[in-house]
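Labels for the chains are A, B, C and D, by order of writing; each one numbers its residues from 1.
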Amino acid sequence: MTLDADWAERWIRRTADTVAGRRDELTELDRQIGDGDHGENLVRGFRAVVAKLDARDGQDGATEAAGPRLVGDVLKLTATTLMSTVGGASGPLYGTAFLRAAKVTGRESIDTRAVVAMLESALEGITVRGKATPGEKTMVDAWTPAVDAAAQAASEGGDEAAVLRAAAAAAAAGATATIPLVATKGRASYLGERSAGHEDPGARSTALLLGAAVEALAERSA
Amino acid sequence: MGEDGYVAKEGGSVKKLLNDPANAVADSLAGFALAHADIIQVHHDPAYVTRVGGATTGKVGLVSGGGAGHEPLHTGFVGDGMLDVAVPGAVFTSPTPDQILPALQAADGGAGVLAIVKNYTGDVLNFDLAVELAETEGLDVATVLVNDDVAVEDSTYTAGRRGVAGTLCVEKIAGAAAQQGGDLADVTGVAHRVVDNVRSMGVAVTACTVPHVGAPSFDLPGDQLEIGIGIHGEPGRRRVKAVPADEVTQMLLDPVADDLELSAGERVLLFVNGMGGTPASELYVVYGRARRLLEQRGVTVARSLVGSYVTSLEMQGASVTVLRLDDELAALWDAPVHTAALRW
Amino acid sequence: MGEDGYVAKEGGSVKKLLNDPANAVADSLAGFALAHADIIQVHHDPAYVTRVGGATTGKVGLVSGGGAGHEPLHTGFVGDGMLDVAVPGAVFTSPTPDQILPALQAADGGAGVLAIVKNYTGDVLNFDLAVELAETEGLDVATVLVNDDVAVEDSTYTAGRRGVAGTLCVEKIAGAAAQQGGDLADVTGVAHRVVDNVRSMGVAVTACTVPHVGAPSFDLPGDQLEIGIGIHGEPGRRRVKAVPADEVTQMLLDPVADDLELSAGERVLLFVNGMGGTPASELYVVYGRARRLLEQRGVTVARSLVGSYVTSLEMQGASVTVLRLDDELAALWDAPVHTAALRW
Amino acid sequence: MTLDADWAERWIRRTADTVAGRRDELTELDRQIGDGDHGENLVRGFRAVVAKLDARDGQDGATEAAGPRLVGDVLKLTATTLMSTVGGASGPLYGTAFLRAAKVTGRESIDTRAVVAMLESALEGITVRGKATPGEKTMVDAWTPAVDAAAQAASEGGDEAAVLRAAAAAAAAGATATIPLVATKGRASYLGERSAGHEDPGARSTALLLGAAVEALAERSA
């Protein structure tokens, strides 16, 4: 079960479905400690990416028809589209993350080492842009454990599925772990102590994103 | 989703005079363009608002932008003596680089462009990306971050102070400096002087409801006030039981005046801003009290502005902004301005 | 009662930026006087607002007034090119003869005074009393009743049509005529021409709460709109389920245009007015639609005004006003005006 | 039990107390079909009258101290004060009513015929100002039956108390009878059919006013 452009595209399409389905949940989290638009921002952004993918693949979305493509192409399209449609803090952050990820995945298919590199690069991009460190109650708190868990799983010889599962599980745990934190970056930081007790919306959407990567693979190999 | 904008939902009533909330910003811009065709032009996809005639050759271009929902900021301030271009994002969401880049280009009259950015992570990151791109295309861009909101401690524990109503002062005064022929360094310098000398703090009496969200941006009990709010419906720093306007005003004015370290004999501009849903009559009650408090400090209110200029949709509430004046800043404030929302 | 103005009550939240609601109007006027000392002066007990410098010798004096709560109407329209004196009553309650009489006297520059009165029984009766008294003191006073609200059938079954947002047009245009030296007959004639050619209709999205009442002026279910409201929080003529702004606008514009019997080729002023709590962005949505509807009738929108000028406290809603223009009315509309709320 | 200036003053003071006590009720009626200020308008107006009476009588309000005065003086003071403090439609209407009433009561005390004349003049003043006829759902619908009932009682030889009681009872009945009416005068007329089913606030306050006249007499003779 290889991680190729077809998988990457399924990943992004699944993410679009997921954020659309969880829009109100993300919105509510952002309403608690932000400005209530995170759900809408991501729905708008990933809907636009899907539109671009459809346009490229033909309306039926029959990806097979398109012949061999690079994983990085899909991620790059995702990056530029998110940057130009999301707005808000999460737009440049996810955009930069996918841009960096694309740089290290310019192949027809990627192995577990490339998956780890992809996640590392994504986190690096987010940190370069947003200057957040772990514990500041941001999406970094989901990406950081995800990267570590992926590297761990890979070093233990896990396959692509195992590596992605480890990353997704760690991201979900990391998102939950943001609940008690007091935000020191982003809009939530304006609340000071009042930001504690709420899960960070960006950390949650990160968990959804990586969860979709696992589902896309399962779906593929099904 | 087409209905969210104007029918009641459980989350609270979101009845609004809108069509499909997904098109709220575009619909509003279309009407704005028709109503003020003598002053501005609206460019769609990507959306930005320019002065009729566009960039003035040889004049420093002024660009500002941010999430929609703060009208008349920024679109209502495009015109002679103020902004050349305004870039509205979605409601409460910063514009994207692909909007900001052409906006910067549209403002360039060959003398460079000053980008006035409210200090929010989203606005900062998106403007940063756009400015990087503009510079690679050879555009000369300076950026000034507005961070006048004293409700937020300016520390490593926050994303830094937010830009709120003081942004109007930066746009008006820098706009006048550019109109009078200052070069990019001059105009940027003046803008920084305003930022250094302006502070604000706001209170919410009611929350606001983002059309596509459908629930109030925060839940404020009927007998409470939210002190230290931003302009995106973010909750404030603390809640207090509702008290008379004189007390509320003091909770806003004192931190502002203290942070500015105003001393007796100084001259200031006093700007009482409505959040969108507050009647003018209440703003004047706040203004009267704020002015008395300043005079008790021996501070002279030399200029005044009262009205709803930097808003949060239909939120009821107000903010108090004080700008320390010197002769140059006062003269630039008095300079003619001809925009949809500010004119003298 | 001192608390009613700013704390929640069972009747509904009446949190407001006020002190003792019994002094709300006086407090607000005091702040207004400080903020606009270059334009107006406030006289207390009895309360009225005059232009700085007072009456202009040889110029026809313009006086208007009515209940407070409609700000900036009328006090915000005192200044060069518009009103000489405005007389605010208690909130939504017409002023009393002992206020109106000195107001009429203060406006007299020897060329007589025109009283612009919105057609409500209370305003009419109180102005009538005052004018009678003024005349016995030898003052030359003409009165024009503004009744632009098409929501009310003008029949023996009503007190007659109400004066609403169209009042602004009468005050601006008659004010320009007086400024340009017209005599009392001329100015009164122009005022009547405006009244004959202006119509309005409004919608409420939410009710408003009079401070000392403490309960919303009417109970509007969360999914309903009140069509055909006045500006005193009176309920409207009918209730409709909330629909998109385009449909709401048509419910307002069509009766207005029909009543004016507008025909293709005519030129009009289109004025979309906010009721106080509606964000500017929504008013532009309404404006855009109203303009398209007029254009579909072959009518040219030659002048425009969009903003909250004739309000009902914090009520959310809007009204659409159309004034049929001829060259003289258009020129008088364009004439310079310098007031707290209207300036060009 | 004579109707003299002392009674007139008690009448006005009682009215002030009554409208203050019934402020919310009057406000609510006006909120239903008007603009919700009738209670406040009358409270403000009669409070001002009482202040003027106090000023004249000395703070203790010891009316006896003031010596013989005319019924009409009290009513005239009431008229001018209401006109200058109430505003709204009811100010000039009640003001004119009391002014006309004062004209026919310029005596130290008034008999039943004078009481009837007083009520007739008041109604006449209201009608001249407001141009309303019976059945238009205004205070006229309380005053008209009150005048008729008073005249009837007087012609049947009833004493002052009987005449006032008849007037008050008829005013109250008249006010209740406005409930089904569709308003064609005043603010309520803007509602058209929707004005039916609500009692007219001015008719109700008229009933309260005349009720206070009865109580003032009873109190006096007690």
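By our rule, a contact is a pair of C-beta atoms (placed from the backbone, for glycine too) under 8 Å apart; a residue touches a chain by one contact, two chains touch by 3 or more.
Since this is a predicted model, take the numbers as computed values, not measurements.
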item: Smallest count of steps, each to a touching chain, taking subunit B to subunit D; value: 2
item: Between subunit A and subunit D, centroid-to-centroid distance (C-alpha), Å; value: 76
item: Geometric centre distance via CA averages, subunit D-subunit C, whole Å; value: 32
item: Intercentroid distance (Cα basis), subunit C paired with subunit B, Å; value: 29
item: Residues of subunit B engaged with two or more neighbouring chains; value: none
item: Sites on subunit D at which at least two other chains make contact; value: none
item: Pairwise touch network: line, ring, star, complete, or other; value: line
item: Chain-chain contacts as defined at top; value: A-B, B-C, C-D
item: Partner subunit C, residues of subunit D touching it in the complex; value: 27-28, 31, 33-37, 40-41, 44, 83-93, 95, 129-130, 182, 184-187, 189-192, 194
item: Interfacial residue positions of subunit B with respect to subunit A in the complex; value: 67, 89-98, 120-122, 125-126, 128-129, 151-153, 156-159, 162, 210, 212-213, 215, 217-218, 230, 232-235, 237
item: Interfacial residue positions of subunit C with respect to subunit B in the complex; value: 5-8, 13, 15-20, 24-25, 27-32, 34-36, 68-69, 71-72, 76, 203, 205-206, 221-223, 225, 241-246, 248-249, 276-289, 291, 301, 304, 306, 308, 311, 313-314, 316-318, 341, 343-344
